Amino acid sequence: MKIRVRADLVYRFDPPTDAIYKIQVAHWPGQTVIEESLTTTPEIDFIQDEDEEFGARTLRAHLSGEVALTYQAVVDNGVLKGLPPVTVQHDWNDLPAEVLTYLNPSRYCPSDQFGRFAERTFGGTIGGDRVLKILEWIRAEIDYEPGASDSETTAARTFIDRAGVCRDFTHMGITLCRASGIPARAVSAFAHQLNPPDFHAIFEVWLSNGWWLVDPTGLAPVEGLVRIACGRDAADIAFLTTQGSCQLVRQSVTAEAV
Amino acid sequence: MKIRVRADLVYRFDPPTDAIYKIQVAHWPGQTVIEESLTTTPEIDFIQDEDEEFGARTLRAHLSGEVALTYQAVVDNGVLKGLPPVTVQHDWNDLPAEVLTYLNPSRYCPSDQFGRFAERTFGGTIGGDRVLKILEWIRAEIDYEPGASDSETTAARTFIDRAGVCRDFTHMGITLCRASGIPARAVSAFAHQLNPPDFHAIFEVWLSNGWWLVDPTGLAPVEGLVRIACGRDAADIAFLTTQGSCQLVRQSVTAEAV
Amino acid sequence: MKIRVRADLVYRFDPPTDAIYKIQVAHWPGQTVIEESLTTTPEIDFIQDEDEEFGARTLRAHLSGEVALTYQAVVDNGVLKGLPPVTVQHDWNDLPAEVLTYLNPSRYCPSDQFGRFAERTFGGTIGGDRVLKILEWIRAEIDYEPGASDSETTAARTFIDRAGVCRDFTHMGITLCRASGIPARAVSAFAHQLNPPDFHAIFEVWLSNGWWLVDPTGLAPVEGLVRIACGRDAADIAFLTTQGSCQLVRQSVTAEAV
Amino acid sequence: MKIRVRADLVYRFDPPTDAIYKIQVAHWPGQTVIEESLTTTPEIDFIQDEDEEFGARTLRAHLSGEVALTYQAVVDNGVLKGLPPVTVQHDWNDLPAEVLTYLNPSRYCPSDQFGRFAERTFGGTIGGDRVLKILEWIRAEIDYEPGASDSETTAARTFIDRAGVCRDFTHMGITLCRASGIPARAVSAFAHQLNPPDFHAIFEVWLSNGWWLVDPTGLAPVEGLVRIACGRDAADIAFLTTQGSCQLVRQSVTAEAV
């Protein structure tokens, strides 16, 4: 599916501070960047890196004053398919060593505390079936409600609050999958048909020898997702990280099928 | 320095469960394994892996009943030196991309909550000087007290409790370094002259273009440390991780200069 | 119902410390103390108080070394009846001013965080019906498991862990009732037929112009409960509170119908 | 000191909800209400109560739509004096039974977690001297910063964040006093010379056979404080509590010497 994505970010960095953007489309197998452009006002000489494991790209600079950044790309995101229930769950011993990390608890996903709940609630199921049951539970039990959470909200808190946004849904999903013995990690993305349009947080699970993308909010079809960055949870995939504070001036993000 | 290390671990896995040991000496630049052996009773056919980034080695198997594991090695750990105060701290923009991850908060190190405290308390210092001030603060303010913490204790909790063991000291140190803009990560080790002898948790910071090991407890000299595993915090470096529960029968760990 | 209760508590207070026991049967309307005795070895000259609101009695002293305390009583606990579903829930405006306090969150019962969950889960019900639904939920969703919690465990944590003892069940019940607009408070008690016998923690709710006792564990019949102390949560009703630490030597508690 | 106080509160209750105001000057020994008036638009028929222990007064009603409330009073608050360092601290056994409650941890004041810190930091001092040392520590270590905390912030969190408002300073002070064996409780007040003027949260400690008011922020002189309500922490003294949500339209609070 060919998708045109665009992000306009205007932030004020006052006092000046180090900043890292993760907004460019990832170089990821099956996902092809057909064209892209990046412009800023004023002009910024970014340090550009690409993560070897995820193909995630970062832009770093010491920024001051108001900085307007526009990123555009046309991407073929390949053929992404929803997770089938029959997907196989592996024993720890059959997992590739490099995915074991994604069984560990992380800042926003204290999966070590959810073993009993996961077993009680999803105990009769494994693999793709279990992930789908987890997604079903999240959609039934958590309200999508902007403003109900903030940048410190963990899955433990969302579990109590029963409300959050895509980031919280993703943390809840990752937590319950890891607690179920299924490797899971966070992905940031552009999302076709997400309404209102914005950066999206989703996650992927390791089953049947591959990573499968799922959207716990159900707000955007998997087919229309364009990967940006990947990591253990929101701590790793924020689209803008700064050492000091910064102020949002305005922001818009779009993703449209071409 | 040549060091003979030995770990005897006897655990009971009942009911049977998947288990991962991280107890072998790492393959790490400057650290040479001169000889080593691994035996178990009963015999276990482990899946053995080695992490590319850290040279950390894992032993995986599905275990049942009582399993006694003995690991021995003679290691030359090279020349490890204490951190000098003059060590230079890098701006974010001067850091290698691959160490940026170790600025992020993690399960046991919520560094995002400690920015104000770090600035208030260590604000006039940077680099090696700052890390040494952090270590000084930890040794003055936190009591080394076995039993004061458990496997869920975070640095936020230790900061309140003012007591813990090497794992907690390490989490506290990592948290304050990351909150100070210094990449920091957890390391498990054998430690010469650690008393009582046990696996040790320490951490390392990225300064002056390299990782420097520090022991926040001050219980073992840096010169006598032998690396095992490395990661964001205790979630990544546990010497034994199991999917279900397991029972300690007995355990001893030693490290002696040859 | 006539019940003979007995508590034998042997603790060591080393170093010496101030201590408060709340173990005597309360002077409470409908509950009659027929006979009672209190002996200690060595002899202790306790300061004895009785709380005006609850008829709860406290024994205070500065204690040192091993202290063995035996309390015995025969009590007629009157006619305690289980909560009928038809019990009426009052609007805030119809509540007596003095019960409003029991709508507030407390140390172990952060009811302010559970409003959405309570409404989502028990939303269609009010009054006695709602309390019974809450008890049903607790018994279905929380495992009674000694060792799963400790003296710092809050209802927020039990909600995640899905396991605990009578104290945790009581905190969970109080939290969900307060979050539902129903005043609730903790009660310590001797409990006929509790197995294994021990001090019991239960709670009571204000409905239909009176307090109704409920046992969220379902382990002891309401008819056989003998009140000791009452308060917002475990912080107020502990059978032994000390300023420093103390060591359990042995303890036994019994309650038998006469 | 004669003080004229005034509170203008305009809130919107949509959907309608039960509400409790605690804004009237307390009937408290030494504090005399010379004149007062309460008006609302529209007219509301409040249920009015007065707490026996604290002389705190509550206004309750089921409210809908926009409600403007104006309360005015002229009060002689008597002669309030700052706490002298020589004030005596009592052993538990010398405390009146009714103040023991204020040694217990509460929703926002988990004093049970701060014993070690209190002893380490204030260990050489007792009584008035210790309370003054605690106040000095708070003023040196916590920044007064509106927006740094919210209605769920506990003293444990403020201890980490090192920032907050009067409510947080009060919770921090209560927590450290209780952890030091000194009964402490929260008080809401009008405060002469508070800038910017607002409702104020302070606390009082039991020493030398009486309660002594202290202002941990140091923003208002003790002499100019006019008591409103009292309790364990902010959960008990909020000036407006509602069962559902409500929306602030505008609010102003003043206190001026006559």
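First chain written, first letter: the chains are A, B, C and D, and each begins at residue 1.
Basically, contacts are C-beta pairs under 8 Å (C-beta built on N, C-alpha and C of every residue); 3 or more make two chains touch, one makes a residue touch a chain.
Since the model is a prediction, treat every value here as computed from it, not as a measurement.
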* Structure fact -> Here chain B maps onto chain D under a C-alpha rotation whose angle in degrees, rounded to the nearest 5, is 180
* Asked: Where the CA atoms of chain B average out and where those of chain C average out, how many Å apart are those spots?
  -> 43
* Intercentroid distance (Cα basis), chain B paired with chain A, Å -> 29
* Structure fact -> Residues of chain C that touch two or more other chains sit at 113
* If every chain is a node and every touching pair an edge, decide which shape results: line, ring, star, complete or other. => ring
* Structure fact -> A full list of chain pairs that touch reads A-B, A-C, B-D, C-D
* Structure fact -> Within their complex, chain D touches chain C through residues 18, 20, 47, 49-51, 58, 60-62, 91-93, 97, 100-101, 104-107, 110, 112-113, 151-152, 181, 231-232, 235-236, 243
* Asked: What residues of chain B sit close enough to touch chain D in their complex?
  -> 113-114, 116-117, 120, 141, 143, 156, 159-163
